[in-house]
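Chain nomenclature is as follows: A, B and C, assigned in order of appearance, with residue numbering initiated at 1 for each chain independently.
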Amino acid sequence: MHFSELIRALKERNAGVLSYGLGTDPEIINGASLDQAQDTQIGFLEKGNALTASLSESDVGAIIIPNIEELRLKAEKKSIAWAVASDPRLAFAEILELLNPRPVPQKGVHPSAVIENEVTLGEDISIGANVFIGKKVQIGSKTIIHPGVVIYENVVIGESTEIHANAVIHPNCHLGKQCVINSNAVIGSEGFGFVPTPSGWRKMPQTGKVILESEVEIGSCSTIDRPCVGQTLIGTGTKVDNLVQIGHGVITGKGCAIASQVGIAGGAILGEGVILAGQVGVANRAKIGDRAIASSKSGIHGSIAPGEVVSGYPAIPNRLWLRCSAAFSKLPEITRSLRELKKEGSE
Amino acid sequence: MHFSELIRALKERNAGVLSYGLGTDPEIINGASLDQAQDTQIGFLEKGNALTASLSESDVGAIIIPNIEELRLKAEKKSIAWAVASDPRLAFAEILELLNPRPVPQKGVHPSAVIENEVTLGEDISIGANVFIGKKVQIGSKTIIHPGVVIYENVVIGESTEIHANAVIHPNCHLGKQCVINSNAVIGSEGFGFVPTPSGWRKMPQTGKVILESEVEIGSCSTIDRPCVGQTLIGTGTKVDNLVQIGHGVITGKGCAIASQVGIAGGAILGEGVILAGQVGVANRAKIGDRAIASSKSGIHGSIAPGEVVSGYPAIPNRLWLRCSAAFSKLPEITRSLRELKKEGSE
Amino acid sequence: MHFSELIRALKERNAGVLSYGLGTDPEIINGASLDQAQDTQIGFLEKGNALTASLSESDVGAIIIPNIEELRLKAEKKSIAWAVASDPRLAFAEILELLNPRPVPQKGVHPSAVIENEVTLGEDISIGANVFIGKKVQIGSKTIIHPGVVIYENVVIGESTEIHANAVIHPNCHLGKQCVINSNAVIGSEGFGFVPTPSGWRKMPQTGKVILESEVEIGSCSTIDRPCVGQTLIGTGTKVDNLVQIGHGVITGKGCAIASQVGIAGGAILGEGVILAGQVGVANRAKIGDRAIASSKSGIHGSIAPGEVVSGYPAIPNRLWLRCSAAFSKLPEITRSLRELKKEGSE
């Protein structure tokens, strides 16, 4: 696609293009990071991007930049095609989508798929090889089920949802529209609930279900458990990375972002727009307010106020934690100083 | 099921019902938590349950309560059917099981399953779609294998065990009776054993096997590795949550409970009834005594005495850790105080 | 295999046998650890091995030992067949391989496998039951694909690679030769990249690919994400344990060892021979120098110098961390001492 065509498509999509220079109007094949780009590739820069200085050395064919005169001049000087965008990262997302249209899998049901009785399939669906779909499952139109997926009975799946290979959806779960379930994820397996008895752990039957609202994404090998009673609920637009555990009865608000290897224990409640960084742990029944942020590896008990940024284990305000952590690495000095002071005192 | 029928069934099961009041003998369809319950649902309360106060506001149809006069009177006043149980949680587990009988999958072998030579299948088994069972595998009666499961050669599986979709069992493993393997779990993959050589890591062949005794449950996407020689052994009645790693040669006693995202490194030994909370790490060859408890995110090296409760990394006694953690968040003050004292001292 | 045959085979393989004594030239069936061994089993000892003392009590049939006179004499005294090896662990690895030749799965393509158009298959491959292979995939000779594996379109796989059951390989990935992908691992799923917008998270298309060089091993349920642009690259001979997350655009050098439940965030760069112990976290764009080591549960930001050994979160030099951790558990005392000193000062 020539750069001029790309610009036209971006304008149609209202992607925030403010101005541009076509340079030699190069043919652009795909995207690249600035330090690895070739002349058929397009890159982008944001304010503060570490690669800004390298624009002069890059072989990139075209560049999306923020409204910074200096960057525009650098591009012009090297005859690099450029466009100024109000949000270069967002414009770049649009460009990658234009250059890499999602492969459309074959419509219909692969002959090797096994579909049980009373299943309802919407129009224009695609069901891949060796898929299993249990009784009374309902699947909305345009939904794509990749090979090897197993869907237990009574599951309801909205339209335009995509379920990647070998993922498993357990009975009675509801998946909204435009969700993405990545490979080997497990939705709705039974919560870890056991009652101690003199003869050992007795399973608490997990009779609830998991509800994913619309536009929810679940990463590869992540597990979302169903509860004893009621539901585990993931709010609209919440994105969950790989290898995340979401326990029985957890409720998340809309638009949360949950990074890899986070574990959220049973009954915890997250507000809207909560961000949990990698390997965070959230204890049973903890409450996290809207737009709170937990930095990586922090461990949250009790409740976190809306908008708070926390770190550490147990989690404390991030700024305090930074100072405490710095002091932690000086504990040997602190101990020594204290010993000396005591010695002086006793002399 | 009417509440009176439920009571009768609970008594037949010796579920510890001490007294009851039928109220309007409501039809009960399923369980619910007190704050979300409707009049066809049953809930339960325990001593200290945060929802106790809300009984007066609940729309619940019936309630299992501990032997507390005040709760009984509240229920009576609202004409809520009630039963006092010696262990309300345990009685509730029985009730959920009565109200939600496990779906019985179709008996027999699905035509799409691939069964290799010399496989022995017990009576009344159920083998789902697209299952693969390798040579010389033996499967006990009443065992259920859900779609997409892969069982390598020479595996032995006891009776009444259930293996969920897309789980994988590697060669030579032994699974006892009444085990549950959840979706996408991997039992018996090779341990992470490599010998450093001048030309790189050389694999140590992992020729051992994994043994799960009876009533063991393994969570979704959990991995239990086989060792170089000998076995990895999970004791009877041990319950393992999702995304747990159990390394090569680990031995656990009976009745342990291992929460999500715990990692147990090679050769570690757990006694009976050990409880590891979420994201705990146990180092190579660590030893954990009977009924010891590690709180979430703790990291265990060396050995932990029976009955001890530990926290932190490296793990120390929980009570000490609580005090140390509280002091940690005061490190900036401690540092400042110390600086002032030194200044005073040098004046 | 008689011990004498084993010795002959080890010599052919240049396994570092320095001397030996045949004893009764026992028939050896497999390997065992010294404390569990029977007379048809072989064990090994290294310098400092905790089991050294137990050689006199062991029922082992043969033993590989380091060049320590005392051990040789103990073995002779008990008529245990013995061999001194320059690296007993390495010799033991050779022995286990000799005693346990890898099962050779049936050559060819199982009739239940689904192979799309334009797929290129090398000679002597083995493709198991219910495998799915997408369009234009190329697979090298002698490669083994176990049942249930799903390979998306345009993947290239080298020769003598083994992919275990139910693993998933996403579009455009390149796997080198002699790689091992363990069960339920996911290679090349989309990176966790979203752009915040007023209407929620907007997906950044992940158009890059994952490249595994040769002799790379990926553990069960581990996930290696593809990036927005460019590639995620795992260097030759790098070994990755179970449940590991490797984010979009990560680059590792040759011969790294990455233990279970490690998470490496997007854009991090590891040098050669880096060792990350269990549950380590590496932040976005962190840089870890050649042969650096991070002990379990440490959290790495910024950069780590080559050869450094770090611990803790945030990671600091291991020796410092050990002292700081020891001091941490004395924080209550430190606080008390300080209070007393202040009191004295103010008197």
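Here is the rule we go by: contacts are C-beta pairs under 8 Å (C-beta built on N, C-alpha and C of every residue); 3 or more make two chains touch, one makes a residue touch a chain.
Just so you know, these numbers come straight off a predicted model, no measurement behind them.
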item: Arrangement of touching chains [line / ring / star / complete / other]; value: complete
item: Magnitude of the superposing rotation for chain A and chain B (Cα, nearest 5°); value: 120
item: Mean-CA-position distance for chain C and chain B (Å); value: 27
item: Set of chain B residues in contact with two or more other chains; value: 112, 130, 148, 166, 184, 221, 243, 261, 279, 328, 334, 338, 341
item: Footprint of chain A on chain C - complex, ascending; value: 112, 114, 130, 132, 148, 150, 152-153, 166, 168, 170-171, 184, 186, 189-190, 192, 194-195, 197, 200-205, 207, 221-223, 225, 228-230, 243, 245, 247, 261, 263, 265, 279, 281, 283, 299, 312-314, 316, 320-321, 323-324, 327-328, 330, 334, 337-338, 341, 344
item: For the chain C and chain B complex, residues of the former touching the latter; value: 30-33, 36, 41, 87, 89-90, 92-93, 96-97, 99-100, 103, 110, 112, 128-130, 146-148, 164-166, 182-184, 215, 217, 219-221, 236-237, 239, 241-243, 254-255, 257, 259-261, 278-279, 296-297, 325, 328-329, 331-332, 334-335, 338, 341-342, 345
